[in-house]
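Read through the structure below, which is laid out as structure tokens, and then see the notes.
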Amino acid sequence: MVNPVLLIAVPLGLAFMVPLIDSASRKLTRFVPVAALMFNLILCIRLIPAVLENPIVINLGGFTPPFGINLFVGPLGLLFAGLISLAGLVVSIYSLSYIKNGPVVKYHMLYMLLLTGATGVVLTGDLFNLFVFFEILCISSYALVAYHGDRAGIESSIKYLIQGTVGSGLLLIGIGFIYGIFGTLNMADIAMKIATVEQSTLFVPMILMVAGLGVESAIFPLNAWLPDAHSSAPSSISAILSGIAIEVGLYAVARIVFTVFGISDIYLFFAFLGILTLLIGEMCAFAQSNIKRMLAYSSIGQIGLILFALALATNNTVTGGLFQLVNHTISKGLLFLSAGYMIYRSGSMEISSLNGMGKRMPLTSLAFTVGAFSLVGLPPFAGFPGKFLIVSGALLKGQMVINILVGLVLLSTVIEGTYFFRVIQALYFKDGNGERKRAPATAVTAMITLMILIVALGVYPKFLADFLSSASSDLLDKMSYVGSVLK
Amino acid sequence: MHIIELIFSPLLALLIGVFFLGLARKVMARIQWRYGPPVTQPLIDIIRLLSQKSASHGVAFNIGLVMSLAGSLVITLFLPFGKIAPMSNSGGMLVILYLMLIGPLGMAISSGESANPNASIGISRKLLLAMGYELPFLLVVLALMTAYNTTSITEIVSLQRDTGWSMFTFPLVLSGIAYLLILPAMLGVRPFEVVNAPQEISSGPLVEYGGPYLALATLQHALAFFIGISLFVNLMWGGAANPVIFFLKMLVVFFLGIFVNAVFPRLRIDQAIRYLWRWPSLIAFAGLILVCVTGS
Amino acid sequence: MRSVFSLILLVVIGAGVVFTLSSIPFGSTSSDVGEYYIDSGRADTGATNIVTSVVVGYRAFDTLGEVTVLFVAAIGLGAILAAGRENEEKKKAEWEPASLVLYTGCRFLFPLILLFGAYVFIHGHLTPGGGFQGGAIIASAFLMVYLGCRKKRISKTWARNTESISGLVFVVTGLTGLAVGGHYFLSNFLPEGTLNTLFSAGIIPIIYIAIGLKVGSELTGVIDDLIEESE
Amino acid sequence: MSFLQNNIYYIGAFGLILIGLLIVLVKHNLIKVIIGLSIMDTGINLFLIAIGYLRNGTAPIFSSPEVESVLMVDPVPQALVLTAIVIGVAVLALALSLAIRLYKHFGTLDLRKIKELKW
Amino acid sequence: MTGMEILLLVAFGGVMLTYILGRISSSLRNTFAVVLSLVLVVIIALMYDKTGETIFYRGFFGIPMSFRIDALSWLFAMATSVLGCLSVIFSLSYMSDRKNISFYYSMLFLVNAGMLGVVFSGDLLSFFIFWEIMSWSTFLLISFNRGPAVAAGLKYIIMSIIGSMAMLAGTISLYTNYGTLNIADLSHLTVSASPGYQLFLLIIFGVAFGIKNAVMPLHTWLPDAYTEAPSPFSAVLSGMLTRMGIYGFLLIIYVVVGAARFLHAADSTVSSFNYVLAWLGAITIVIPTFIAMLQNDAKRLLAWHGIGQGGYMILGIAFGTNMGVAGGIFHTLNHAIYIVLLFMSVAAIQYRTGGVRDLNSLGGLIKKMPVAFIGALLGICGLIGVPLTNGFVSKWMIYKTLISGRAPFLAFAALIGSWGTILSVYKFLHNIFLGQLPEKYRDIKQSPFNMKLPIIVLSSTILLFGILPGLPLRVINKIVVSFGFDSLNISLWGIVSESGMLNTINLFAAILAGLIAVWLFFRIGARTIPVKQDDNYAAGAAVPRDRYSYTAKYYDPLFRMISPYLKDIFNTFYMKIADLTGYLSNGIRKIYTGYVGNYVMYIVLFISLMIFVQMKWSPW
């Protein structure tokens, strides 16, 4: 059985080799990320059957868990690793033709390292190791946001860096506290020992860690960097940031809150925080005129919805949350990719400049429409099953306050529908000038794969639903996690 | 016997209608201290008009007028004239209400076709006036139907035989008064004559009618007159066992209408609507509430 | 107004921290993981410097991540500076040459610092210090040369190649550990040798040398980029 | 007095962290903010070391076989600090390069003036 | 593969095929479109009087999605497919000069397929899915001809999303409470539901279907949508699509909540819901009809009438007697027929006069387009409910229920609504067809054959159903029986009910005899000379030609009295809400001030707030 650690080691090795490959032949470097991610994707798919029985625990360096670092590859971890490699692959194919000027070699290295960091965060079972991979993810996204080197890119990158550094500082203080209290860094070990310590002392470390990770996962008060970063980064990067980076941040928050701490009476607070993020994200997106900024705010909204679903902590809602997460990665990625080429053709990011794009770039506009419909949750597309599961799970809980929150979720869908349909109308039903020119082949293949995925998920959600329910049970019940790591 | 009734009741209605027109002109003249034309004058006019040539404005001009007269004729089949009520079992009060709108609609279409500005203005006045008196009239009819809990007019007539004229039975008094107040408008007599008074814009819808068209129009007017009175008598004054008494009651109502016609000046169309929608409607509305409260 | 408000916030955070710290008495924490490392550190990894055994032995995966962070930072820095550079013209600033005393002083000290740096990361598993510290010393040597004699410049490709080769060495040793050793990534497949001798503690010195070279060349590259930018 | 004495390291560490945060919150100049961030980093590193410190313990190095291990300091925080320092350096380098580029674009380092991307 | 699955497959397959064929050649696509719609009509016709349910898909989390056919769904499906077919035939020439027509046809078939899906769905999940597909494809069609249509489309899609979200909440709450979404099972399970829950269900679904059927407070999207949509589609939209709301109401009140059993129980919540719904229906009849009078745009006038007539259907359905429900359903069918006819005649005129639909600038078209005139005449007679037209029979049934159900005030609202219809609809007919023919329309030609065909077909059905109402009533009677009411005493010529009956054959005979008699009487008069249109008597003054339009401000005396009361307050209210959200969202986005110090302040604030709360009250 292939060792999952290759998921991290191989892309890392390839990243280190890129300068050598580059000195050998200039053309080849563009295809290294595609190869690495293809390898990752195939490896993930091969691992699915093994992981479904029981999670794989890898002890690095041969030392048993509390003393060495271990990788925990459960259904949840594999879901995220698979999602990262899939989205990463599609976006790397897209950026073959999208990224032409500027230090291209460095772009591909940073891109691969960002995805490796994300895979690392998702698979690791050690708290400090999570921090290190989290740092790789953050630093490479700081650099990639500033890739264009224009005024907006540099400004948003410095703001993102300052907030990110404060966040990771807080995270490190939290880890310090945890180590001080429990003397160990292994998540399963801490999870086991959590009951020995009185709950009130655990509150400050948890808040510090959640705040640290929350900065990256765009929870409400901490997500001020996201609109600037996603709107001024190159579109392929904002697709990755929106599609993967914030989801991985949310995974880390969920893992910390559910598995490591597992204090169940704080979940309601996170539900409220999720709804707050959702409403603020949707309201801000409603008032935007810049297309990428609007998509960034809608990412904040969707993250709020996923956080709300995860915070309800029943198997049904968490499955719905994960389904919505997968749908968000795919359709938001598709939206950013199609928006990328539309902006490239129309010159400006204003929605008014996208008028008449339906005629000039029919396939890209179709991709945008499919992505928008799926994100709003219209039936034949992937968004509908996700929303259906979340709402049915939430109503199953039966509490009155949860029903009100569900009402707010549905209300925000209306707002979301409004601003997405406004853009679709601009694409198809407003006349714009400019000649008809299709997006290049690689971009079109990327968009078509995503579209097929969206429709497949929308029409037949069952094959993903079983995998997701095992992933949600992996997240929720602490005992099986601790048992399988410290057996 | 049923067939004979079917054929003769419209003719009878036409006859009485024309007689009423002639009588009206005779009584008006008498009130104004002059002799006035003989009672059979409208009949003579109709025969004269039929012989004159006249301009036609196209197919709809003809069909519209024919349709309106046919509609009015059909209504007479449904209205019980004393005991004679040929078709009242195949459609009740609702059918009559709806048949009553075929007349004005046909007239409107044909005069609309004549492309004469005065005709168009005339039709809008006619429809507005209809709208005016329709509101209280519907309230009255609904009060009646709810009070007697039936939509068939012959039942209303037969029920009135034992409970007395509905004008004077307790819950329907208000409706009776309201009906009285709107009767001149329904008959198109003086205070509400603005629609086809000759002095107004060359008699409104009838401006383009000459010869046979004018004949049909006068017949239609006569029939409308007859229907208005007979409906009032049936609903409010308990109809009659035999046609003769029914005719006498109609005469009384007719004289009432003519006296009102002789005395009042002509109201402008918005004054008419404002009048119709103020007091008669309030009374009719109160009547309906009264019926609902007491009846249920 | 703003400073007063932020002061209040920080005071509240301070209070929270103090409340939590009350459960972590200073100077007497008993971390069982720490004791285990001290007792069996030498036996498991063969290194006498227990910190090195933790850094490169037990938590070698962390260090791999650590090296990648530095690698990312170096490339990020290069990307940001390069992105801005080509869209404005190249002007060569004229620097007056350094004085003779400074020039010869630097030339004399340079090899000595390099030697000291090499010593530090080669004896990482015996004496305090290790790959990162040695690399920093090497970079300081280059910095001294830059400051001392202005025109000297290391070749760009050399720095980049050592960087990637040493990174590869690290990853490859990890992978061979996976293939050869007890089927674990970064496991110590070489014999530990006798304690306190140079060639002991299995793959730890190899990794630390690779790290030392990598960190040295990376930091030099960073310094080089920054200086090139400031011209 | 004994509270101050035996917790001086914690007070020192968190003093640095809070001062670093205060600088980031209050100061407008980008360089000062970056300095604030690095102060916060050093504070965190000091805090991590303080966590692992044993009263008058020695460095965990067995330079000669007979050094007994009873008074050795916990090695794990030191490994963490090693990594934390390197991360601090990496972020610092990146921040400074961004500062250079920022000055080239905006002509100023006053963050109050660098507010083009808002709302 | 039961008939329904084949039907849905053909319908949805047709959508793709039309688009592809459209790419190849337009004539191929046109023939294919007509053939496809005819095939649909035939398939549905073959499924007459079949009931049954087949599960066709379990892929959605294992929830069985099934098709169900019974009398109700057959009737609606038949009406949808026939009207769809007629509008396709009609739009062959109407849309021939437009751009991207294949998109129009594929969307038309998508809407048609969506409606068939909605009507045949056997469980609430597939009902919702087809409902959504129908809604957003309508959105694409409404905003099809750009310009102001975009704003109308946006307003439509916002309100329809609100409706869908309400329905989604209702569907899922049913799923969570009862574990199944199958309509047949639900109707047994919901009987045991608490009155409060039943009321909640009725209100939630009532909002969703109320928006679609434009019941008074939720109607504001309809006037813009009908006027801005391409005319053949606004015919389909007004005819069948909006009446899916009625289908929904029927489904919810009589099938899911199964009200027929205990409708008139004293305390049951359903009867209070129906009572409120009836009053809403009454208001929906009166106010929109009088607003229609004020309109100067032909399609907008018809749109307001669409809302008004919707009120009759709601009134019929909400009044839970067998006659009432039958009247409501029959009126839905009749309304579909004559509103489509009216929209088609307006479209025919638009086609010839180059898109003019302003009532004040048309006139005298009867000579140039007699077929359109006949269609319009019969359409408005149906709309008014002139005896011998289908509208009359269904209105008569609704009045009968209201009066015998002792609700005179509702009957009053309905009757006054009819009179308001007469005035506004006559204005519509007069301003377009009668009166002076303007100079510029001197030489316009007849409408082409494929526009005349649907108009003739629909006009004849109006008369056919008016004279022989037994044909449709037999099917409707089956529906009423399937709801649990006792069946009506229907015969070919009308209805016998305890308080008065309707015999349309006698009525027809009487009117025919009357017509012939008067025609003969007229013929014996002197010959009449046809004369040109401007040769008419003006008391000496010359009738000015083409210089002023005497159709403007047609009912001015009445307008001055009632127009202050007829401003659409709901529309202004919703617009205010929209501005409010815009203003609020503009305020909220100011949180992100741009200054990085504030952003770090938010992080520190978040942490200190949490710590403060924890230290003070320690809720955890």
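So that you can tell them apart, the chains are marked A, B, C, D and E in the order they are listed, and the count of residues begins at 1 in each.
The rule is short, and it goes like this: a contact is a pair of C-beta atoms (placed from the backbone, for glycine too) under 8 Å apart; a residue touches a chain by one contact, two chains touch by 3 or more.
Since we're looking at a predicted model, the values are computed, not measured.
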| item | value |
| --- | --- |
| Lowest number of touching-chain links that must be crossed from subunit B to subunit C | 2 |
| Chains in simultaneous contact with subunit B and subunit D | E |
| From subunit E, the most remote chain by mean C-alpha position | C |
| Between B-E and A-C, the pair with more C-beta contacts | B-E |
| Chain separated most widely from subunit B, comparing mean CA positions | C |
| Distance between chain centroids, defined by C-alpha means - subunit D, subunit E (Å) | 69 |
| Chain centre separation (subunit A, subunit E; CA means) in Å | 44 |
| Centre distance in Å when subunit C and subunit D are each reduced to the mean of their C-alpha atoms | 16 |
| Distance between the centres, which are taken as Cα means, of subunit E and subunit C, whole angstrom | 74 |
| Shared-contact residues (touching 2 or more other chains) in subunit D | 21, 24-26, 33, 51, 76, 83, 87, 90-91, 94, 98, 101, 114, 116-117, 119 |
| Where subunit A touches two or more other chains, by residue | 128, 132, 135, 139, 142-143, 146, 149, 154, 157-159, 162, 166, 179-180, 185, 200, 203-204, 207, 227, 287 |
| Sequence positions of subunit B contacting 2 or more other chains | none |
| Those chain pairs that satisfy the touch definition | A-C, A-D, A-E, B-E, C-D, C-E, D-E |
| Interfacial residue positions of subunit D with respect to subunit E in the complex | 21, 24-26, 28, 33, 111-112, 114-119 |
| Touching residues (chain side subunit E, partner subunit B) in the complex | 364, 366-367, 373, 377, 384-387, 392, 395-396, 399-400, 403-404, 406, 408-409, 411-412, 415-416, 419-420, 422-423, 426, 429-430, 434-437, 494, 499-503, 506-507, 510-511, 514-515, 517-519, 521-522, 524-531, 533-539, 543, 550-551, 554-555, 557-558, 560-561 |
| In the complex with subunit D, residue positions of subunit C that touch it | 2-3, 6-7, 9-10, 13-14, 17, 21, 24, 26-29, 31, 33-34, 37-39, 41-42, 48-51, 53-55, 59, 62-63, 65-66, 69-70, 72-74, 76-77, 80-81, 83-84, 88, 126-128, 130, 132, 195-196, 215, 222, 225-226, 229 |
| Of all residues in subunit D, those that touch subunit C in their complex | 6-7, 9-10, 14, 18, 21-22, 25-26, 50-55, 59-65, 69, 72, 74-76, 78-79, 82-83, 85-87, 89-91, 93-94, 96-98, 100-101, 104 |
| Subunit A-facing residues of subunit D, complex | 17, 20-21, 24, 30, 33, 37, 40-41, 44, 47-48, 51, 76-77, 80, 83-84, 87, 90-91, 94-95, 98-99, 101-102, 105-106, 114, 116-117, 119 |
